[in-house]
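You will see two complexes here that share chain A, one where it goes with chain B and one where it goes with chain C.
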Partner chain A sequence: MWTSDLPPFIPFFVAALLVLVTGGWLRGAIMVLTPVVGGLHLWYDVSPGITYTWNMLDYQLIPMRSDRLSLLFGYLFHIAALLAIVFALQVRDTTQSVASMLYAGAALGAVFAGDLITLFVFWELLAITSVFLIWARRTEKALNAGFRYLIFQVTSGMLLLAGALVQIQQTGSLAFEFIGLQGVSGWLIFLAFGIKCAFPFLHNWLTDAYPEATPTGAVFLSAFTTKVAVYALARGFPGTEILVYIGTVMTCFPIFFAVIENDLRRVLAYSMINQVGFMVCGVGIGTALALNGAVAHAFNDVIFKGLLFMAMGAVLYRVGNTNGSDLGGLYKTMPKTAMLCIVGASSISAFPLFSGFVSKSMVMSAMIEQGHDVLWLALLFASAGVFHHAGIKIPYFAFFAHDSGIRTQEAPLNMLVAMSIAAALCIFIGSQPQYLYALLPWQVDYWPFDATHVLTQLQLLFFSALAFVWLNKQGLYPPELHSVNLDAEWVYRKPLPAMARLAYRSATQMGNNLDSISKTGLKWLGNSLKRAPLSGYHLASSWPTGSMVLWIAVILGAYLLVDVLMM
Partner chain B sequence: MHDPKKKQYLFDNPKNVSRLLGGFYVICGILLLLDFVLHRHIGHSWEHLPGFYAIYGFVACVLLVLIAKELRKLLMRKEDYYDVDQ
Partner chain C sequence: MIEQNLSLLLVAIPLLAAPIVATLPRGKLPWLFTLSVSWVCLGLAIWQLWLVTDGRIISYELGGWAPPWGIEYRIDAVNAFVALIVAGIAAVALPYALRSVEQEIPLQQTPLFYTAFLLCLTGLLGITLTGDVFNLFVFLEISSLSSYALISMGRQRRALTAAYQYLIMGTIGATFLLIGIGLIYAETGSLNMMDLSVRLPATFEHRTIHTAFAFIVVGVGLKLAMFPLHVWLPNAYTYAPSVISVFLSATATKVAVYVMLRMVFTVFSGSFTQDTPTGNMFMVLGIGGVLVASVYAVYQRDAKRLLAYSSVAQVGYMVLGIAFGTALGLTATLVHMFNHALMKGALFMAIGALVYRLGSSQIDAFNGLGRQMPWTFAALFIAGLSLIGVPGTAGFISKWYLVLAALEKSNWIAAIVILAGSLFAVIYMWKLVEALFFRSAPQSDAAVKEAPLSLLVPMWLLVVANLYFGFNTQLTVGIAQTAVNILRALPQ
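Here is the complex of A and B:
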């Protein structure tokens, strides 16, 4: 139908244009067909090793470079786009429809980019297109969160561009291959990837903005941005040791916030950082098993995290909020959504036969194989914690717990269809992992289902659940409360604006003071001059400039006259 | 349409809740016992401890929740904290 070196983002950008000028069922059909046709094309027509280059000025840009790594993310993003589009079919909002098509296209553009400039272009497009999915909520909170999100994302892009330019100057090459932490360019690009990956202290754009997005927008957001960053890290920085430590911190700290957070979509945002942490660890370890684990976990995470965001999106759509404190008992009126949410929760918790299990275990195994004993214990702690906050908390407080008395309707059909496909994929990949393993970029023999592994994982999870039951029965479990929890964002949301306001106020004050000081001084001068003996003289009256000029002219004139007469 | 107040849902009946929990406790017990029957591969020295994963999972989660609860004292603010400028 079309050539195999056609960059996969093009169908999405064309579709975005068509979406702009169509409406109703035709628009829906175009949106659904784009990822289906594009995905089939990628699966059947595009093999590893295809590149398409484009010469611009003296530089060779590569908008299309396929290998097993980029193809895996290519398949993934088509699946994710399809799920999110079906989930959002009832949305009648041109802004969101166009933005989501462009956003999915930008993600595909980024993973098939063969050079850093092309990568930069799509990196920025990801930011600019996705922010509309936040702003489309059309609340003041969403508007402000969107601006903060954009500042982070654009900064990341600027760092990437700066790194790329330094690299060109030093090596003459634009190619996006292994980068490593050598020199300024390596660090700049690392930081750029790190912001998009939500490294600790650079992570709040995610927990700030995703929960403010529209119910359907959050599903798109959860799929693309952070996974593009994981892809970029896996290509540019495999085996970079610092990533193992960064990743471990990312798995551990968000679970504390997730336990006390009330907004269940923000809980999911924190658990997303936790899951990305496992991937970052895998990239940092850098063995074939670990890298496969990292990208396989990215693959699974997009689907199960998408499913969880869809379930919470359906609740938000029907009930109007996702606060743990206000929900409860929704299983009575949304039983299908509840069941599908439990499938997503089981997958993220890595229950055997669900998708998280077959990929997270690769990273865990690689961690212990490389002798990172303490870090492995930390990851085990984080695994138990995931189950606690995402696996139990999300479904429990939304659908069970105390009956909030809310009686609503089941989610719309298209949402149920999207969630069902995602749930089916979670179970399929979890029980038949060989199909996913066959797609992984590196060659490894790995099989997750041995007796030790299954037993230990079940023990870990069941006794974590036992802890939840026990804490609840003892009344020790912290209640869900309307609140805000301070995080690193506090720095730029409280003291920095306060300092800016203070600086503004002091500057204004200083200006006013100077004004009044100079006015008082002049007044004093005027007054003392008035008291001078000469002040009675008519030349000293107010506005003396004119009369002074006149008198000077008279004097000069007289001088001239005298001069002429003397000749 | 019948009155939703009269409709009995699955977990409105406390018996069903205790059945579910009962089944859950039994599974926990079986999993712990299996630890003594099956031979596990050992990767980390702590894994020699019988029931290591069960203990670790339980203790980890209790600590997680108790620490998070203490963190609330430090971190929790009113919902409009960031909306108020002064």
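Here is the complex of A and C:
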């Protein structure tokens, strides 16, 4: 029916147009069918090695390039889009529906982009379309958070474009293949990917904006942006040593913030940085096993993190907030959501037979194989931390803990369906990982269920569960409080503006000094000049003939002077 | 017959039509007549461009006097391209003019308004087509004088002051140009551009020629609103009638950029320019213009003034392209002339539509209008994306070439400034979007209706052109490259 070189983003963009002009059940049908049909097409008709090129501006753009890596992400994004769309079916908001279709399309466009310019186009589209999922919450807070989010994302795009341009200038090639950290272009692109990947100190957009998104918007957001960045790193920077350390820091530092955070969706945002950290580690190690682990973990993370965001989204939808301190006891009225949330929590904590286990253990094994003992221990600590803040904290404070007295309804049917599919996938992949392994881009023989692995992981989990119970009983566990926790954004909010103000003030001061010096210097010229001090010749003043004539004289004089000197 | 006299007709038709319009009765007739004249001009301009796209050159001897004694009209890909911009914008702006002028200009003045418009069109087309430097000065004065008159017809009394200021500054600029031309004439005894390009090299060592060049560069720099000689522009564009803001912002500075290109590369030459501080001056002032004007734009409270400052910044990009002096840089300048005409035209039309409904161009007055005037808002949004340089829009193409040109010269600062300029554009366009879409409208006011169709259709024509030329670069980049070859290949 279709040609196999049809870029996969096109069905989504066409669907977005159709969504714009339709309504009711027809719109729902179009939205659900797009990822289903697109995914089946990708599965049956598209094999690795297909490219489609398009000439523009004397350059060859490649909007479609399929290999095993891009195909894996292609399948993943179709699944994620389907889950999120089903979850969002009850939403009656054209802005959100259109934005989410375009957003999913942009993510697909980015992973199938074969050159840096196409990548840049979709990179920016990801930012522009996704921000509407935040603004659609229509609160003052969401508006501001969305704008901050946009600034981060657009900066990332600018860096990518700058890197791409330098790359063209230096090599003449636009191809998006291995880039590496050589030269300016490598670093620029690395930084661009780093922002989208939420590297430490560049991560604030994520924890700032995702919790402000709409209940359904957060599900979309959790699936695409960071995973596109992981894909881009895996293609452009595999085996880059520094990524191992960055990734390890990413796995560890969010744990502290997540444990004390009250808003459970913000906990999930921190937990997302932690999970992405495992993937970044895998990319940094760069062996076939590690890279497979990284992409497999991305695959699983989209599904279980999506499931957790869906569960919290359902709570938000029914209760109106997701503060750990205000919830509790919801299992009585939302038992199915609670069950599904626990499946997601088990997966993210990497319980054996749940999906997180089969991919995270690959990264861990690769780490120890490469001799990074200390880092391996750090990852082990991070795994325990994940169990704390995501595995126990989320379901415990939302559905159990003290009974908050909230009596609400079970989540709507479509939400339950989406969550059930995600939960089923978590368990299926966790217990039958060979199907996922068969899709992985690199050839590796690996089987996670050996005695060492399973035992290590179980010990880890049980001891950290023990720690949680003990701390909770002793009253030592950080209580859930309404509070604002400072993160690195403090740097952006306080010292940087303060420095800017200081610089501005000293510049003004210097300007004033210069002004007064020049004024005293000009005093002897007589009263005529005093009546028109130089400060009057401001370029933005409204009625500026004098200023203009002065400037034209200055420029002509300077020009002639330099000209005479050059002759 | 028509083909032989094509170049003359392009200037003569609007010139002859102008006095006729002045005598027409008030009402729709002057508008209709002007509209048909502008469409005829557009047709002729397209025809003319089609004749020279392959690099051919048309030489037309005015009155049968052979150059260099007679006035010669010399058409190549460069000026045919600029003439198309001028005629095209005039043809799109006039349908928009009907409703907008009805509201903003007193009825008894409309014939005079359209007369002045036609004279302005004559002047701008004349500047682009003539091959004689004194004739160029004459047409520059025709277009300037008529645009002073047009600006003064703005609805606020401040329009008079703005026009008066522009008159004084514009006259200074034109005088500088005339001084330069006079000095050249004194040295060589010729006014014909091609003749000059042959005779001038012998006198390149003379200080007089250097001084002449300095006067010309600074004088034209004022006309094209090169920072810091831009201060006439914000007031002029802010207080002019909406349709004049559209027309002048899209054409007047572009024609001045063309004059600069012609003077620097054809009359003098690229190699002469390298012995003068021109390149460095353009670089410094271009960078300064992009940064300072962008920052000023961010702090404006009046939408038209915001766009005017943004125009100064965009002129900075074009000046940067000339400063690079390379084929890529000049291509970027020419392409940006075309694309900027499209985006600024669309933006001023959108603001004009808001002014049509509200009577004010203060940004605070726009609160919440995006939902009541969705088509106008969407046009503003898309044209704004083009101004920022988002891929898929025309603005991206010109930014792309400009950044490539900067990197080709390993000029990192310029490359960073160009990208920073885009970020500033995000901020100041955001101000408009935020007011229109995210702030809520004051409750008490009655609902505002969408702009009438006669404003929306020309606006969307330009918006669609912004998108079309973001994908199809055959026309813009192709012709610009031919034009650049002509500019750079002339006798050195």
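Definition applied: the second predicted complex is superposed on the first by the 493 of 567 C-alpha atoms of A that agree within 3 Å, B and C clash if a C-alpha of one lies under 4 Å from a C-alpha of the other, contacts with A are read in each partner's own complex, and residues count from 1 in each chain.
By our rule, a residue touches a chain if its C-beta (ideal position, glycine included) is under 8 Å from a C-beta of that chain, and two chains touch if they have at least 3 such contacts.
Note that the structure is a prediction, hence the values are computed from the model and not measured.
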item	value
Contacts of A:551 with chain B and chain C, given as first, second, both or neither	second
Partner with the higher number of touched chain A residues, chain C or chain B	B
Partner chain in contact with A:456 - chain B first, chain C second, else both or neither	first
Touching partner for A:256 - first (chain B), second (chain C), both, neither	first
Touching partner for A:166 - first (chain B), second (chain C), both, neither	second
Touched partner set for A:478, first chain B, second chain C, both or neither	first
Which superposed partner A:381 touches (first chain B, second chain C, both, neither)	first
In the complex with chain A, residue positions of chain C that touch it	161, 165, 168-169, 172-173, 176, 205, 207, 210-211, 214-215, 217-218, 221-222, 228-232, 235, 275-278, 280-281, 285, 292, 296, 390-392, 397, 400, 403-404, 407-408, 415-416, 419, 422-423, 426, 430, 438, 471, 473, 477
Residue ranges of chain A in contact with chain B within the complex	141, 255-257, 259-260, 331-332, 365, 368-369, 373, 376-377, 380-381, 384-385, 388, 400, 403, 407, 450-452, 455-471, 476-478, 481-487, 493-494, 497-498, 501
Complex contact set, residues of chain A against chain C	56-57, 117, 120-121, 124, 128, 135, 143, 147, 154-155, 158, 161-162, 165-166, 168-169, 539-545, 547-549, 551-552, 555-556, 558-560, 562-564, 566-567
Of chain B, residues touching chain A in the complex	4, 7, 9-12, 21, 24-25, 27-28, 31-32, 34-35, 38-41, 43-46, 51, 53-62, 64-69, 71-72, 74-79, 81-83, 85
